[in-house]
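Below are two complexes that have subunit A in common, paired first with subunit B and then with subunit C.
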Partner chain A sequence: MCRTNWKMSLHIDLIRIHFLKKTGGLETIHPFFSRMEVSMKKFFYSRKAAPFVFICPFVLTVIVFWLLPIGKSVIMSFQNVLQGQTEWIGLRNYRQLLNDRVFRIAVGNTFKFTIGMLLLLIPISMVLACIVNSRIMKYTKIFKTIYFIPALTSVVVAGTVFRLIFGESDRALMNQVLQFLGGDPIKWLKLRSTGYAALLILACWRWIGVNMMYYIAGLQNIPAELYESAAIDGANGFWQLIGISIPLLKPTTTYVLTISINAGLSMFIESYMLWKGNNSPSNIGLTIVGYLYRQGIEKNAMGYASAVGILLLLVVLAINMTQLYLTGFFKKEERS
Partner chain B sequence: MKRHSNSSLAARKAASYFLFVVIALFIMIPLYALFLATFKDGKDMIQYGLSLSLDWEKLHFRNYSMLFSGSAHRYWIWYRNSMLLTVVQVLLTLFVSACVAYGFAAYEFPFKNLAFVFVLIIMSIPFEILMLPLYQQINDMKMSDTYTAVLLPFLTHASTIFFFRQYISGIPAQIREAGRIDGATEYGIFFRLIFPIMKPSFAAMAIMNGMNSWNNFLWPLLALRSDAKYTLPIGLNTLITPYGNNYDLLIVGSFFAIIPIVLLFLLFQKYFIEGMTAGAVKG
Partner chain C sequence: MKKKLALLIAGVMVLSTVLTGCGSGQAGDAPAASSDASETSAESEPSVQDGDESVAEEEAAEEESSASGEDVSAIGSDDPEATELEHWTFTELFTAFYADMVDKWNEENPDKPIRINVHVLPYDDMHNKLQIALNSGTGAPDTVDIEVSRFSGFTEGDVQLMDMTEAAQPYKEYVVDSRLQLFSRDGKLYGCPTHVGATVAFYNEKLLGDAGIDYKTIRTWDDFKEAGSKYYETTGKAFGNLDTGTNMFFNLLLAQLGGDYLDAEGNICVNNEKVAEALQVMKDMQEANAVSLVPGGNVDADEGYAAYNSGEFAVMIMPLWMSNRFVNYMTDLDGQIAVAPVPVFDDSTTVLSACNGGTGTAVIKTSEKADIAAEFITYAKLSEYASIIQWNTLGNDPCNMSVWTDTSVTENPDNRYLAYYTNNPFDTLNAVKDGIMILDSQTTKYYPSIGTSFNTEVFNAVFENGDEIQEILDIVQDELENEFAY
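Right, the complex of A and B next:
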C-alpha cells in the first residue's frame, strides 16, 4: 500500500510538470467569442457541468432505447394494435393471457427449465470450484480452459450441434449412446421429457465453466487458514464444504442464482436453435419469450405480446431488486 | 491412522480426477463431433445427425474447398460484417462507457446514486424481454436494416460501466486535483490523465464486449433485413431454413465461426475470465 502511494505521488509530480509545460494558456478564452458563447463555454468546462456531459450518452440511450420503448410497450399492452388503427381495450390482453392455454404451457416450460438449471448448475459448479480450490488436483488450469470454451461459442453453433447430436436417426450420437447402454433409439426432440433433458444439457454445457469461474473467484476471498484449522480439527472435505465454503460463498451464490434465474426466465434462443425455429412439437420447447416472439414478430399481435413482455419484466425486476437488496447494495449506496 | 488418511486422500484425488475428466469429455465431445463433421457430407448430417463415427473412406476436404473457393456463398461477407461490427462496437462501447463511468466515479452530483442504481437495474434486465419494444422503437425511428440500429442501443453497456467505475474509484483523487491545479480542463483531465491509467482495464472489457458482439444473434436478427448486411450468426441461421438446407456450409462455417474466439481465448485467457466474471465481484 505504502509503495503504491509513493509511486502515485511521483506519477502525479511528473504529470504536473508535463502539464505546466504543455497547457499554459489553454484556458484563456479568445476575445473573438461573444459574451454568451463565453459563458456557455465556461459552463461547459465547469466542474458542475462536466459529470453531466460525461453521463449524457448513458442518459440518452437509456431514455431513447429503454425507457421510451418500455413506456410505449406498457401503453400497447392495454391496446389492440392493428395496422393503422389502435383500440384501447383496458385489461383485456392481460385477462386473455390468464386464460391462454398455450401461454400456460410456455410459463410451465420456462419455470421447469429454470428450476432444472438451478438444481444442476449451482451445486455442480460449486463442487467443481471447491475441488479446484482445494488443490488436491494438478492440471486444473487445463480443465478450467476446457470448461470455459462452450461459453465462447455462439448459441447458433451450439444449438445446431446439439440438435444434430440429439437427432432422430439411430446413428446420431445420443442414440448411439443409448444403444450402447442397451436401449432403443428415441426421437429425443419430439418427446416432452427428453426434449426437456436436451435443453437442460445444452444449457449446462454452455454455462458450467463460467459458473465454476464465479465460484472460484468467490472462494479466493475465503482465507486459507479457515480450511487449515478445520483440517486440524478433523473436518474432511465434505464437512469443510458444508461448514465453510457454502456459508461463506453466499454472496457468490446469490449472484449466480440471480443471473441463472434471469437466464432461465428469458430463455429463448437455445430452444429456437434446438427445434429449428419457434415451433416445437406440441410446444414442448416453447418458453415465455418464445411466446412473446411468436405473438409479436410472427403474428404481429403487438398489444398482446406487449402484455406478455410487461408481465415478464415485472417478475424479473422483482427478482433483481430482491437480489440487490439481499447483497446490501441499497444500504451501501446510502452510506457512501 | 496416518495411513488411513493417506488412502482416503488418494481416493478423493481419484474421484476428483474422474469427475473432471468425465465433464471435460462431456464438454469436448460435441465440439469434436463438429470438427469431424467438417469432413463429412452435409446430406449425411441431415439424415443421420452428428456422431463420432468415422468412416475413413468417406472423409473428404470438399467442404473446406467449397468454403474457401467462396463465390457461390456469402459466408465471407457475413464474416467481414461480423468483424466490422465487432470492432466498431468494442471501440464505441469502451469509449462511451469509460466516459460514463468516469462521470459516476469522479464527481458528486444530485441523484447520482439513484442514477447508478438505474445502471444496475438495466444491467439486470435480460435483453430478450426488451427486444419487442426496442424493435418497434427502431422501426419508428426509421432505422431498421442499418448497422446504426444494431450498434446504438448497446452504446452504453451497463456492466462495462460498472467495471470501469470500480477501476476509476481505485485511482487516487489527487491525480485529478493535480491536473486541476495545473490548469487542465475537466475533459483534459479525463482524456490525458485518467484514460491512460485505465488502459489495463480495457482488455477484459474489450474481450467481453467483443465476444458478445461476435455471438450476438437475436438483436441483429430483428434489426437487419438484407442478406448482404447479415452477421455470421444470422447468416449461419439462414442455412438451417427448410429452403436452403446447406449443411456442408453450415457445419464448416460454424467451425470457423468458433475458431477465432477460441484462439483469442487461448492467448488472452486471463482477460476473458476477468471480463466474463467481472459482474460477480461486487463491493
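Right, the complex of A and C next:
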C-alpha cells in the first residue's frame, strides 16, 4: 500500500515539474499566482484540510440529495400536505397506516418478493458465475454478454414483453406452452401464485446477470494457487467450490445480499410495468413503494406517502444493519 | 490494424455526438407544426386523454421509453406583441390540435394575437411536475391539460386553478352540462373538457346478424341479457364486455339505478344497497353469459382490442371516444359496428348515458396572462370550431352540441369515423342528449380512491373469484373510511 502511494506522489511531482518548466512557473505571469500557489500548496498538502476537501463533493451530495429530503419527509409525515395549505396533524398518518389493510397487503407482498428474490438470485448467480469462470468453459465472453443484456434492457420494454408472454388469451406464449403440454390456459397475472411467479421471473431475468458479474469479479480475486493445492490434495470441483470458492466469496455475497435486500424491498418498476400500472388485480403485485406512489402521486396525499416512506426506510435500515452485523461487516478490518 | 480500428471507433463516436447534437437542437426551434389535421390523424395513435387512469398511465409509461425529456413546439403568431402562453400536455396529438385552434383564434382576434409553446411531457412526469410546481408556487405553466383521474388532486386545498365560469359563459348553453360539472367544484369551472365521453353501446351488426339477433330490438337490460344468452348459446362466444380494471360500465348502471358511492349526506358509503344492486345486475348478466370477462380486465387495452378485433365479443358498452380505438386498432371490424344508446332498466330510467374518462384543460390562476389564457382555452376547447376539429381529427364525441345537428359535420363524407360505423353515431348522441349524467361522487376528493378500490379489489373479487358482494363492499368501505377518517 505504502509503496504505491510513494510512487503516485513521485509521479505527480514529476508532472508538476514538467509543467512548471514548460510555463516558466506561474510566478512569471503574476506574483499573485506565486503567492496563491504557495498557499494552495500549503492547503492541499495539509494533512488536516485535504481529506475534508476531497470528501466534500460526496458529503454535499449526501446532504443535499439524501439527508435534506429525508428530513423533509419526516416533517411531512406529521402533516397533511395540500396545495398552499399545510397543517400539522401529529401522528394521524402513522395511526392511519397501522389500520390500513392495503398497506399490510403491500408489506406482505414486498417481503414475499424479497425472500423469493434472495432465494433465487444469490445461489443461481453464484453457480452461473462459477460455471462461466471455470477453465473448461468456452466462449465465456458471449455468455457474460448474454446474461448481462437484460440489465441494460429498458424495464418498460421488458415489462411489456413479459406482460404479453403472460397474457390471458390462449394465444399468449405461456398459455400456448401450457396447451402444448396438455393443460388449460390460465390467467397468469390475475392469480396470486402465478402473478408472483411472473414477477419473480421478471426480476430474476433482470438481475441475475448483474449479480453474476459481481461474483465473477469475486472469483477472479481468489488466487489460483489455492485451487492447485486443493487439487493436489485430491479435492474435486465440487469440494473446491464448497471449500474455497464459497467461503472466499463471502465479501461479495455480503454485498450482493445487501443490494438484493434493498432491491427487493424497494421493488416498484417491475410490478408497475408487468401490470400496466400500479393497480394489479386484488393488489397481488402491490409493493410498499407502489403503495407510496399510489398515495403520494396518484392520490396527492404527500403527507401519508411520507409516512409510508419513513416506515420503509426504518425497515430497510433495521434489516440491512442486522444482516451486516451478522455477516461481520462492522468488525474492525485486520491490518496487514 | 489496431490503430485503424481505434480510429474507426473514435470516428463513429465523434459522428454520433455530432448527430445527437443536431437531433436535440431541433426540438426547441421547431417551426409551427403544419396544421393539416387530417394528415396528422391518419398516422396518429388513439389519444391518451380519454382512458381511465390505468390506460393513460400505461400508454404514458410506454411513451416514456421513447420520449426522453420534453418536446416543445412554438405555435401561433410571429407578432412580437403577441401573448406567449406556456402550455403543458401529455399527448403529442394535442400539439396539432392547438396549432389549429391558435391559427383560428389569431384569424378571428387580430387585436389579441397569441403564441403558444406546447410542451409535451410524459403522463406521469407532467402531472407530478405540475403538482410540485403548484405546491411550491414556482415553475407552473400558464395553461395545462390535466387527466380526469388526476384532476381531483388539483382541486384540493387552496386551488391554484383559475375559475373559468365567466370565460365559458358564451359557450355554456351549447356544451353538455354534465361534462362541465365533471371539471367543476362548488360551482366553479376549473377545467374545459375535451369531449363528452358519452357511454354508448357498440354492436357488431354482422356477428349479431349471423346469430339472428337484431340489436334494434334491445331496449332494456332484460332484452340485453336475453339476447346475450341466445348469442352465447348459438355461437359459443362472448356477447358483452365485463371489465375488472375499469368502472365505466358499472358507473353507468349505478347512475341508471339512481345510486352513487356516497350516502345522502355526501359521505363515502360504497357498501350501500344501490352499489350492491348494480353489482348484482352485472353478476346476473355474467351468469347468463350476456357479459363475459375481457382478457386483460379492460377493453381499452391491447388484449381487449385483440379480442374484439378477432370477433370473440359482439357488443361493447363504452364511451364514444372508443371510436379512435376502433378505427386504429380494430380495423377488421370496419363496416360492422353500429352505435346505439345503451339499454335502460325500464321506461322510467332517465339516465341514458354517462360521461367517462377525459382531460380537462386548466389555467393557472397565478399566471400574469391568466385572463387571456382563460379566454383562449375556453374558445379552444368549447367553441363550435374546436368541436369540429376534435371530431374530425381525434374521433372524440364533441362537447359543443350545436355540432351534433350540423350536417356538414354529421354527414361529412371525408370523416373516417363516420365511414367506419354502419349507422350515424350522432343519431345516438342526439337521442340521449338530455340523459347524459355523471355521479355526484365523481367530483369529490373521494373518487380517485373509490375508483382504485373498485378497479383493483371489488370487481376482481366479485366477477373473477365469485366472492360475496356485500362482504367485499364492507371491507372496501372500512378501507376507505380509514383513509378519509380525518
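Throughout what follows, the second predicted complex is superposed on the first by the 250 of 336 C-alpha atoms of A that agree within 3 Å, B and C clash if a C-alpha of one lies under 4 Å from a C-alpha of the other, contacts with A are read in each partner's own complex, and residues count from 1 in each chain.
One rule holds in what follows: contacts are C-beta pairs under 8 Å (C-beta built on N, C-alpha and C of every residue); 3 or more make two chains touch, one makes a residue touch a chain.
Just so we're clear, the structure is a prediction, and the values are computed from it rather than from any experiment.
Judged by the touch definition given at the top, the superposed model places A:V256 against subunit B, while subunit C stays out of reach. In the overlay built on the shared chain, the residue A:P185 is in contact with neither subunit B nor subunit C.
When the two complexes are overlaid on their common chain A, residue A:S280 makes contact with subunit C while staying clear of subunit B. Taking subunit A as the reference, the larger set of touched residues comes from B, when subunit B and subunit C are compared. In the superposed pair of complexes, A:I146 makes contact with subunit B only, with no contact to subunit C.
In the superposition on chain A, contact is made by A:T160 with both subunit B and subunit C.
In the superposition on chain A, A:E168 makes contact with both subunit B and subunit C. In the superposition on chain A, contact of A:Q96 is made with subunit C only, not with subunit B. Legend: residue contacts after superposition of the two complexes on their common chain; A:I297 is shown touching both subunit B and subunit C. By the document's definition of touching, neither partner reaches A:G116: not subunit B, not subunit C. Overlap of the subunit B and subunit C contact sets on subunit A: residues 154, 156-157, 160, 164, 167-169, 273, 276, 297, 302. Chain contact summary for the complex, subunit A toward subunit C: residues 80-85, 89, 92, 96, 99-102, 154, 156-157, 160, 164, 167-169, 187, 190, 272-273, 276-283, 286, 294, 297-300, 302. Here subunit C touches subunit A in the complex through residues 53-54, 57-58, 61-62, 64-65, 124, 127-128, 131, 134-135, 137, 149-150, 152-154, 156-160, 244-245, 295-297, 301-303, 306-307, 448-449, 452, 455-457, 460-461, 464-465, 475, 478-479, 482-483, 485-486, going by the rule given at the top. Those residues of subunit A whose C-beta lies close enough to touch subunit B in the complex are 5, 8-9, 11-12, 15-16, 19-20, 23-24, 26-27, 45-48, 50-55, 57-59, 61-62, 64-66, 68-70, 72-73, 128, 131, 136-137, 143-158, 160-162, 164-169, 171-173, 175-176, 205, 208-210, 213-214, 217-218, 236-237, 251-252, 255-256, 258-259, 262-263, 265-269, 273, 276, 289, 292-293, 296-297, 302, 305-306, 309, 312-313, 316-317, 320-321, 323-324, 327, 329-330, 333-334, 336. Touching subunit A in their complex are the following residues of subunit B: 8-9, 12-13, 16-17, 19-20, 23-24, 26-31, 33-34, 37, 45, 47-53, 96, 99-100, 102-104, 106-109, 112-113, 115-122, 124-137, 152-153, 155-156, 161, 172, 174-175, 178-179, 181-188, 190, 193, 211, 214-215, 217-218, 222, 232-234, 236-237, 240, 250, 254, 257-258, 261-262, 265-266, 269, 272-273, 276-277, 279-282.
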